[in-house]
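Read the structure below first, then the notes.
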Amino acid sequence: MKKIAVFPGSFDPITKGHESLVRRAMPLFDEIIIAIGHNADKQSYFPLKKRLEWLAIVFKDMPKVKIESYSGLTVDFCLKNNANFILRGLRTSADFEFERRVGQVNKYMNQKLETIFLLSSVEDTPVNSSVVREIHKYGGNIGPFIPRSVVKLIQNWQ
Amino acid sequence: MKKIAVFPGSFDPITKGHESLVRRAMPLFDEIIIAIGHNADKQSYFPLKKRLEWLAIVFKDMPKVKIESYSGLTVDFCLKNNANFILRGLRTSADFEFERRVGQVNKYMNQKLETIFLLSSVEDTPVNSSVVREIHKYGGNIGPFIPRSVVKLIQNWQ
Amino acid sequence: MKKIAVFPGSFDPITKGHESLVRRAMPLFDEIIIAIGHNADKQSYFPLKKRLEWLAIVFKDMPKVKIESYSGLTVDFCLKNNANFILRGLRTSADFEFERRVGQVNKYMNQKLETIFLLSSVEDTPVNSSVVREIHKYGGNIGPFIPRSVVKLIQNWQ
Amino acid sequence: MKKIAVFPGSFDPITKGHESLVRRAMPLFDEIIIAIGHNADKQSYFPLKKRLEWLAIVFKDMPKVKIESYSGLTVDFCLKNNANFILRGLRTSADFEFERRVGQVNKYMNQKLETIFLLSSVEDTPVNSSVVREIHKYGGNIGPFIPRSVVKLIQNWQ
Amino acid sequence: MKKIAVFPGSFDPITKGHESLVRRAMPLFDEIIIAIGHNADKQSYFPLKKRLEWLAIVFKDMPKVKIESYSGLTVDFCLKNNANFILRGLRTSADFEFERRVGQVNKYMNQKLETIFLLSSVEDTPVNSSVVREIHKYGGNIGPFIPRSVVKLIQNWQ
Amino acid sequence: MKKIAVFPGSFDPITKGHESLVRRAMPLFDEIIIAIGHNADKQSYFPLKKRLEWLAIVFKDMPKVKIESYSGLTVDFCLKNNANFILRGLRTSADFEFERRVGQVNKYMNQKLETIFLLSSVEDTPVNSSVVREIHKYGGNIGPFIPRSVVKLIQNWQ
């Protein structure tokens, strides 16, 4: 059976941590679907279309990575895509408490769905998208936190 | 390249949580080596020989699972066995803080070594080997915490 | 003196975890008042009237359980109802940090008010109302998380 | 049915935190058994006989408090004493992770056994017996951490 | 070189914890700038003008304390004010996880900027501004949580 | 008044994290006393004499750093050395819970003693002395975790 993992998130915007995670997880899977969950009620900082574009640029060298968006429950998206794995990164113990809840609830909804966690890299541990948005908003330099190929695109977006 | 994972631990004794973890992780790998780390200085509760036997019984239906023991550093054991992955379970945020340290230090020692985490099952979250030892020591019933095939063997060991 | 406990919350909606908590705590008290705190500023997902109805259905077999709503400070509500105890459940260490703050601040405001904590049941530990709302919103099955007697009522509410 | 709680611990030595907990929990129960768990393998700092004496002095004004010692599993001690409740205090989130494990495992062993938690008082939150032992060992002043009636007895013990 | 620390926050409103922190940190620095970060998007509970006034009253006996407001990134405000230190308090492990992220990200943006942490006092550990706002909103007594010199001013503000 | 800080620890052995902490904290103080607490009961991995030597080598370029050892309570050592500050590093939230206890208890014993915390550097966050001892014991490469000037001395010690 093909090993397909969904990496769900808002990627608002993608960080070096996200990129590193996908590259390190790739050897485990036949396909990784990076899936931007979007939701009519919740406003994002960067528009969905841009976030999809930036993901496509960062992973253009990886044919086994697909970029998609979805609304609704992650478990339903996985089912529709024949994915038996959810991929997530762990930075802090606050992350962990949240992820455990989500992972265990997803199991209640679909016994076959396994969440696979990788650690953030040491140097990416303090970084998340919300930090990047805050810095971008005030015109600070987001370079240290963003994949090289999209730094300029994201920095200059307004 | 063959996907080999090492699942290191003391398995003193194996719990339902360990068993569940290996069964759920199996689809990701070509081989899982359950590796009992032992150490001249640290005393175990159950002897190494018994712990190896019990693991062999629990996983006898899984030909892709190997049971071994080692002393020394886990990174060296992985290298020797051509394993690029370490498999670990996460129950609590205290676990997480410990595992993050170990996982990130192992990366400093071997950049290619990736630690893969799965969550404990909901019902196994409060259980660990140390709880089982405490109950065994005072003659309590360890049945709810131990794989069925070895409950009697472990309960009656003295 | 009568032992009265207030179990404050938003119960938006009631979960199996809430039900289990009240049933397990009942032997300790002469009366438990389940009290929905509501607040003109904060919007709930389910309307107050429905949340009160569902609580009444779940606990209709327990004459010592009262269902009420209040606005304002919990300490004031307790005082008005001659309650010396606040009842709360604990699932995760993130819960705990929050509850400790609230419990210790309530003590500063009323020295006689004691908060009594029970653990969530193992199988309910990952579940909270916010998870249930998320699933309900996208039409998922909330059955595993909700007291049996109100599953249909809540599932079909819109 | 009589409401009996067991408050298990090593009380090596009793602290202000322990005393406060018992006094605040007393209104909930008909009887509280303070039970020193002892264990041939683990060495205590103060001898069992002294620890029992000091507890008896601190609670001599509370006829509903009994002082006992036991070895073996706490669940067995509760059963033998017809106690349906275990009483424990919570100071920190590290405490909580440990207590959750113990409380949930005890439930696996005896479904009727409920663990009841109270928060440490604000001023006692940083204090535990191990801190007191460290200070005592080097002749420091343990007065701020110990019930008044036994400060001199414990300070001068050697 | 002059040792200047910035103590950034929203001080919405100032608490006893903030006051204690500044008084205890003062011996380390030549100047402490208490800096209210404000932000067109985020609404505060108390108006900026009032928050600045209350800070000025509380610290009027401390000539080395300056009160300012800023918008934008804290690292930029520090640079503009020749401050090499950021001062922050730590109450809980949830605080710590948040502060570590912010502190380490600030370091990525300015290698010379060091964040200095002091512990909250034991009695102030459960208190934060959000608790005070909640109590104020419902007309409760905020006296135990607020510096004496401004209790009435804040309590009566509406 | 001279600003003297004590940095207590076992430094068994010194890590890059310790070195970084002292160098970053130096601008705040007139003198930092690195103080190895030793204790007849507790066995160290490296002998006290070696640990003192290695500290002296690492900080030989910093005349304001003193290296000492002590037994007994840290608060007493501070008093004897006219130190009003204790310096400590924070890596993880488990660290934080421990340090808060120690810091707040020290305050109970000496109101004037303030503990000052700095964050570990991002790259040193996963490292502690116990990890280094484990690696050393099995002949692994401790180079990434140890100040350059003493790597060989520590690696080759036996």
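Which chain is which? They are A, B, C, D, E and F, in the order written, and residues in each are numbered from 1.
Keep this in mind: a contact is a pair of C-beta atoms (placed from the backbone, for glycine too) under 8 Å apart; a residue touches a chain by one contact, two chains touch by 3 or more.
Because the structure is predicted, anything quoted here is derived from the model rather than measured.
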For this session: Using the contact definition stated above, find the chains touching both chain B and chain D.
Result: C, F
Exercise. What chains touch chain B and also chain C?
Worked result: A, D
For this session: Have a look at A-F, B-C or A-C and name the one that copies the B-D interface, over half of its contact pairs being the same.
Result: A-C
For this session: Specify the chain most distant from chain E by Cα centroid.
Result: B
Exercise. Distance-wise, how many Å sit between the C-alpha centres of chain E and chain F, to the nearest whole number?
Worked result: 29
Exercise. In angstrom, rounded to a whole number, how far apart do the mean CA points of chain D and chain E lie?
Worked result: 39
For this session: Could you tell me the distance, in whole angstrom, between the mean C-alpha positions of chain B and chain E?
Result: 47
For this session: Return the residues of chain C touching two or more other chains; collapse runs of consecutive numbers into ranges.
Result: 92-94, 97, 100, 104, 108, 122, 125-126
Exercise. Between which chains is there touch?
Worked result: A-B, A-C, A-E, A-F, B-C, B-D, B-F, C-D, C-E, D-E, D-F, E-F
Problem set entry | Sites on chain C touched by chain D in the complex | 1, 3, 24-25, 27-28, 84-85, 90, 93, 96-97, 100, 103-104, 107-108, 114-119, 121-122
Problem set entry | Of chain E, residues touching chain C in the complex | 92-94, 125-128, 131, 134-135, 138-141, 144-145
Seminar exercise, completed: Seen from chain E, its contact residues with chain D in the complex are 92-93, 122-123, 125-126
Exercise. Which positions of chain C touch chain E when the two form their complex?
Worked result: 71-73, 75-76, 93-94, 97, 100-102, 104-105, 108-109
